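Order as written gives the chain letters A, B, C, D and E; numbering starts at 1 within each chain.
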Amino acid sequence: MDLTSPWLILLLPLASAVLITLFTQRWPRLSAGLSIAAVAGAFAVAASHLGAVLHGENVVLTGHFTWLAAGGHDFHYGYLVDGLSMVMLMVVTGVGGLIHVYATGYMKDDPGYARFFAYMSLFMFSMLGIVLADNLFQIFIHWELVGVSSYLLIGFYYRKDSASAAANKAFLTNRVGDFGFMLGILMLYFATRSATGSAGAGDFQAMAQAVANPAWLHAAVFSVGGGHWTLTNEHFLWIAGALTFMGIMGKSAQFPLHVWLPDAMEGPTPVSALIHAATMVAAGVFLLGRLLFIYMPSPTALSIVAHVGAFTAFFAATIATTQFDIKRVLAFSTLSQLGYMVMAMGLRGTDAAMFHLTTHAFFKALLFLGAGAVIHAVHTNDVREMGGLIRKLPFTGWMFVIATLALCGVPPLSGFWSKDGILHLTEHPPGYAHTWIIMLLPTITAVLTSYYMTRLVLLTFFGPPRDHHRYDHAHEAPLNMTLPMAVLCVLSVIGGPLLLGPEVLEHFRAITRPAGVPEQHYVALDAETALHALVIFGLGAGSALLAFGLRVIDPDKVKAALGPVYRFIDNRWYIDELYAWIVKNVQQNVARLCDAFDRYVIIGTVVNGSAWTTRAAGSVVARFQTGSVRAYALLFLAGVAALLALNL
Amino acid sequence: MEALVFWIAAAAMVGFTLLTIAARNPVYSACFMILSFAATAALFVLLDAYLIAAVEVLVYAGAIMVLFLFVIMLVNLRESEHEGLRLNPLMVLAAGTFLALMSRAVKDLGSAVQEAPNALVGTPGTLADTLFSRYAVPFEAVSGLLLAAILGTVVLARRKEDA
Amino acid sequence: MNAFLHDWVLTLILAVPCVAATLLFLVPAERKGLVRTLGVGSALLTTLLTAWLVFSYDQQAAGFQFMQKLPWVASLGISYQVGVDGMSVAMVLLTTIVFLAGALVSCGIQSRTKDFYILLCALVAGVFGVFVSLDLFFFYFFYELAVVPMYLLIGYWGSTNREYATMKLTLYLTAGAVVALVGLLLMYFTYGHATGHYTFDYLEMKRWVDGGAGFSRATQLSLFPLLLVGFATIAPMWPLHSWSPGGHAAAPAAASMMHAGVLMKLGSYAILRIALPLMPQGAVHWLPWVAVLCCFNIIYGGYVAMNQRDMKFVIGYSSSSHMGYVLLGIASVTVLGTSGAVFLMFAHGIMTALAFALIGYFYDQTHTRMLDDLGGLMQQVPFVGVLFVMMAMASLGLPGFANFASEMMVIVGSWERYPIPTILALFGLVIGATYLLRTVKAAFLGPKNPRWDGLRDAKTPLERSPFVLLVGVLLVCGIYPAPIVSLIETGVAPIVHTVQAAQAAMGG
Amino acid sequence: MITVQHWLVLSGMVFTLGLCGVMMRRNVILVMMSIEIMLNAANLALVAFNKHLAPVAGAVPPDGQVLVFFTIAVAAAEVAVALVIAMLLFRRLDTVNVDDVANLRW
Amino acid sequence: MGDATTSRLLEVFGTEIGLGALAVLLIVVDLLKGKGRLTGPADAVRLTAFVGLIALLVHAFTLHPAAPGALGTLDAFSIYWKRFFLLTATAVLALSGPYEARLPAGRGEFPALVVFTTMGMCLLASVSDFVTLFVGLEVVTVTTFLLAAWRSALPRSIEAGIKFVIIGALAAAFMVYGIAWIYGATGSFDFAVVRDALARADAAGGPSGALKFGLLLVLVGLGFKIGAVPFHVWIPDVYQGSPTPVTAFLSVGSKAAGVVLLMRFCWDVLGATAQGHEWLLLLAGLSALTLLMGNLGAIPQTDLKRFLGYSGIAHAGFLIMALATHTQDSAGAILFYLLTYLFANIAAFLVVIVVSRTADNAHMDRVNGLAERSPFLAFMLTVSMLSLAGVPPLAGFFAKWMVLRAAVAVPELLPLVILSAVMIVVSLYYYLCIIKRMYMREPIDAGVLEVPGGARLVLLGCAVASVLFGIWQAPLVEAARVGAAALH
């Protein structure tokens, strides 16, 4: 096999996962080495195609084999390397590789060290499968595999009840999303099946071509489910889009399927960094990009996407302001940022979304790694037990601060470029999204982001230490943890045009923009934009500083003043409670009802009833045999009489 | 003349039969039954079945009934154990139905039978010829049956002390 | 040798368990080692034969192969006729694998080992017989033969409420079987009446049907439900399922494995093999009802499973839920969906066999399967735990396991025919994930219950082999399903085309 | 004139009386006597039928009377057997009442 | 008796004559032994009986159908049954071996009576007129009366005898009365004449009331013999009370004799009339009642023999269904059915004899935990029960299959077929209950059971036959087919 074959990108992590599981469990170091080597290899293979993709306008690499075929349906397994996937490949393997290195330090004393790396490799395989997939079904397969790797990694500390509960929650929430996703896939597949000719089932390129064909797009009606329903093209597109988007909402934790992500912080911190910040949750955004050709012709579908994204961004940001668990704050922040990306997709800003995805991967991973280093040092997640750690962990602290600034969009850090690109989109939203949610909430969210991140930094690293015992034992992380942080820090800082130069950035945008997406022009760094960004940052950071740094405002008084509003936000808008209520009172009762029906009606009444009736009939019949021979004679005669009466 | 004999004998047969099944004392029953059989024998004579009539008297009224009487004596029921007629409505219904259905059969006899009696059919000679030619098999079988019955009754009656 | 095998392989596959059972009779009951060796040896031998069969089946030629026909009772139109198409090859393979795993798992049985293996062999012989018979008499003969040994297997070696469960199971299945029997006999008579040739020869009837003659529409409409209800009892189709969870729960490991893994497949197999191709118009008329009822299987079964506290009941109801997918795939009569159904029969067979083998393994030690009593077993028995998680993942339709591929085939295949049941089936996957993950968590994850400190994990290769075998098959067929699917397709496609042609004719 | 119907009705009445006897009497011996009455009625019917058969080819063979012979012989055997069992019953249980022997039931 | 008659007698009734002679010989041997003049093994009588029966059985296999003629018929059908009855008698004698200890007196006469009964049965296989039918039937009935009461020390044996006698004599009275009416309506006792009369009557708008009356009463008498409801009343009590070998004899031989006569009745007497709606419905109704009563009644039973009695009624229901079907296929099915029934029932009763050896009754508790006490016996009883239940690969399965296969050819019988199918399930229930007792219950009597060698051999033979003919049915089916083909 060619050493640059994209198959290798999939095979290496898979091989690593299998090898570790089957053979090298007993040698943790070797396992970690295998795992890192696999990622590095995948990175190298991916990078070998970088140039081609960067320089050619439409260079795509494809390849496939038939995974399953029956009855004229060909399900392929293949790869599709284009600009969009190349960006994801680099992010996933690059950031992923760094996190692997970090994990060698973080997981050092864990008894499940080898197992951890096996899971990580499995995750890499699954994730890269999504990235490389050339058809919907393959993406679904890897979608599920990513789900299970996430399940395994969240539940890594399986001795803890909360960890396995969180893992279940993540899996199930994603399953609900995938329910819609598969329905969407079915609708799309069958609608384009005749138009895609001999291509494999759900092949992206063939589908995109088919959809681009005006004859298809303007078909009078679409039949769904073999003609059980017929839909006009507008309805068809938005319904199919919305259903597919359910899958994306699950994976990218968009409201209302976001509930699993905060709980997912039960997993080891590198996992949070890799899966729940940098890569897996971005898969939804990536898929939106892949499928944008479906959404593009349908303003309704795009509008749904944009609104869900915008609302999620705001919603998560509000919650983040109240949390005290360092990882949870970051989790909600991730939700919020994903909301931005999804919204950008809904506003047809594929390139902006992908750009933000990339930069977000850098600084959010850095934040998580920093948080991990902190947790590693003080053995708690609760910021109320921290404080002043900048003195003990100067390197980590400053890294964290830089990442925060990047996240808050302070120019000229990477976050500024990507986030402002998205905010720019909201200033002149297309007609279908011309609502206050799109126009107002993202900006408010930006302020809130600055607020909660500053609050987090202040509580964690500045001020007096609140738990001296923990403070005293804190120590800086080892090199294998700090080094990846440093690399990420560099990327976070220069991830924008500083790294690549404006031309490359433009090119980046070009390659991540699927065919048919109208080109949009983004602002360059100028004084007005920078000022705008700084004002937003200043508002948020300033209020946080007043409350938590300078102690001018007592946060408790604010809390008391806000009363129910605060409680509402603190309790995550009671969404989890609502779901718990539904699970407990609706689902559980349906289950009980079915069980009771089975127990008492089907088994108790019908089955046992007929058995009982037969036995009872037997006893009755046997009672005819009274033992009295005269009765027998009578019965005999009665039989004779009846026989004669009936037949004479 | 024949009719008169028929009616008298028929009345006797029915009457004695009724008395047989109705008598409280088994000994009386047996005696009535002998009388009933005698009436039957008379009826057989009326039907020109002389040999059968003779056998009826000798075997039935003679041998079999004596056997009955013998056993009745042997068993020697106490007076209190004599029982009378117990009519059960179900029983009456069943018997009545049977009789009613039989009367329907009587009305629809088919062509093989004629109403009036035939010429002489049953001389002992023809009877014997038939018995030993066409019915040789049942004849031999009956002998076997009687032998088996004797054997069996002897065995059963002989055993007293086994327990 | 090859030529000989070609004619005799099916008979040999059938004969090996029979001969093993007979030999076991002659072995003194005390020689348990010898008994086990014989049991496992016969399983290995059938495995070899089946492997030869699978690799020698000519997919290009398709159709029935390895045919053998001997006159049996000529005056009654009965002949011993065996042959396999792609579908039956897959089922024979399934049976063999489960048999081998079951025989290995049963090595742990201490009481009346000999009798156990005799019954197991008899059961397996019956199942093989059903899958290879091409004569309706022998089909039914083996069908019944497969049902009855289960009575003793559960009754003697079983657990929870075994006497009730085994009686219910046996009677229920026999009830279904006799309904089917009436249908089969009427079919036989109708065919004989129409053609003047009274025979139980399946192929002859099929040729007659394919040749354009076939049963009258009225006959088909009235006989099809008899066959359907009869065979669907063992499938088991809602609301005829109630024999199954209790039976699963009561049965000893190997019996549940055979029961859930193979026995339940007889029903759907019989529907596909007999009812559909011989009565295509009946199928067109009645299958929509199956599509409705299978939703109950999926959703209702899933919800009932959710409310169970006994692990085997969870898996038991989940089986009836999964069988809903099989029925949906059959009802869809599309090549994709129906092949998917057969593939799912295969996958589910392996998967439940694994489930029951695992549950049996630790139940032997814990003597409880109640979720509330268990907990944290993963720490104590990691090997069993990991395999259990894999089993659960396979069961909830995780890609990489054969179950996913087959369920996907069913769903994609039936979408165009029965969209609403398909949507429910998709929702069923959510329900399935719910109860399976909950079960995994309750039993294996979380803090360990100190009560289970003494539990022993499967350590020796012999102990591990059945589990590894089953999970390996699931993975191999799940990661690259194309070969087995194309094998199954060769068998399923003609059946589907027959029904589709009837549908076209009726619709026109 | 006395027709065949007269004979048949007579025999039927006696047969029914015998039936009633079987059902009404509790004494085993009387039950057996009732059965003898039934057999006797059957004999009467046989002889009467024989006498009234339409001649087919000249004469009527006395087949009916032959069966009467056999019936009487068989009845004798039956009675012998029945009576010996009744005697056993009396010896063992000191009763000849059939209502007292109803231990085998249900 | 003329020469022609004698030679015909010898040709057709050779077996019966042999049996009669054997019976006499047995009596003589018994007498000699009793007087101490015959030394040798204690069971010289049984030995003689065995040798004689087996010799006759061998002889029966050399029989060839004789030309139709007077006195009786010797066609393939009767030959099949003669073999069957001789086999049954041999088996019953073998069965009585382990039971002998419980027959303190009259050991010698027991085989003689069995041989007499067998003679009657064989005779019935050859009947061609109602007189022989009646007499032959009475030979069987009266001798079995005696056998039922044979354990005269036991009240229940006497009770069985008394009930059997009363109901049997009642049935005989009905039968004679019926024969009288048939005679009156047709002028003859000959089956052939009656059939011709019926055929003529059918052509002319149905038989006369008298003929129907007579036929129905004969049917009652025969129904009594096979235990058709409501003429089954004696069966449970008599089966329970009689000595076990006798019960076995009743359940197989006596029932088969009734079946033979019913087949003669349906084919040789009714002929085509039986296919008419009226008779079909009548037999179907009887079959339905019998199936219901037998199967349901068996469920609550706790005595093994009584249980087998009900089970026998249930099987009679199946046989009547085959009679109602009235095709050559169904006749073959009956012939096959009874043979499988023979193997299963003989084995069952033999097990009953062995397990109840130490007890005075045959309560089902006796088989509890039998699998522990004697795996061999438990297995044999399992085979027998499953064969009775109709489970493959046992012969009973194929028998049921044949009956049902034949029955579906008659559309009117469909409801009955369905009922019988349901009853198969019910019957499986109670047979499984026995198996349940053997394998899943604790024994009430922990001792190991000794199985005598002879019993072991018979059991093994029955089981092997059940399995062998369940799988390799062709030879028996062929024999049954040839036998059935001889019917009109």
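Everything below uses one rule, namely that contacts are C-beta pairs under 8 Å (C-beta built on N, C-alpha and C of every residue); 3 or more make two chains touch, one makes a residue touch a chain.
Keep in mind that what you see is a predicted model, and the values were worked out from it rather than measured.
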Third chains touching both chain E and chain A: B, C, D
Graph distance between chain A and chain D, where chains that touch are linked: 1
Maximum centroid distance from chain C, chain identifier (CA atoms): B
Pair of chains joined by the greatest number of C-beta pairs in contact: B-D
From chain A, the most remote chain by mean C-alpha position: B
Chain B and chain C, separation of their C-alpha mean positions in angstrom: 69
Averaged-CA centre spacing for the pair chain D and chain C, given as whole angstrom: 64
Distance from the mean Cα position of chain D to that of chain B, given in whole angstrom: 5
Approximate Å spacing (C-alpha centroids) for the pair chain C, chain E: 42
Per-residue multi-chain contacts in chain E, two or more chains: 131, 134-135, 138, 142, 146, 149, 152-153, 162-163, 166, 170, 174, 181, 184, 187, 209, 212-213, 236-237, 300, 429
Multi-chain contact sites of chain B, meaning residues that touch two or more partners: 88, 91, 95, 98, 101-102, 104-107, 109, 111-113, 134-135, 138, 142, 145, 149, 152-153, 156
Set of chain D residues in contact with two or more other chains: 4, 8, 15, 18-19, 22-24, 26, 31-32, 43, 48-50, 52-54, 60, 63, 66, 70, 74, 77, 81, 85-86, 88, 98, 101-106
Pairs of chains found to touch, sorted by chain label: A-B, A-C, A-D, A-E, B-D, B-E, C-E, D-E
Chain D - residues contacting chain E, complex: 4, 8, 15, 18, 22, 28, 31-32, 35, 38-39, 41-43, 45-46, 48-50, 52-54, 56, 60, 63-64, 66-67, 70-71, 74, 77-78, 81-82, 85-86, 88-89, 92-93, 98, 101-106
Chain A to chain D touching residues, read off their complex: 622-623, 625-630, 633-634, 637
Interface residues, chain B side, partner chain E - complex: 101-102, 104-113, 132-138, 140-142, 144-145, 147-149, 151-153, 155-156, 158-159, 162-163
Touching residues (chain side chain E, partner chain C) in the complex: 329, 371, 375, 386, 391-393, 397, 401-402, 404-405, 408-409, 414, 417-418, 421-422, 424-425, 428-429, 432, 435-436, 439-440, 473-474, 477-478, 481
Residue numbers on chain C that touch chain A, as the complex places them: 168, 171-172, 239, 242-243, 246, 300, 303-304, 306-308, 334-337, 339-340, 376, 378-379, 393, 397-400, 404-405, 408-409, 411-413, 415-420, 422-423, 426-427, 429-430, 433-434, 437-438, 441, 444-448, 480-482, 485-486, 488-489, 493, 496
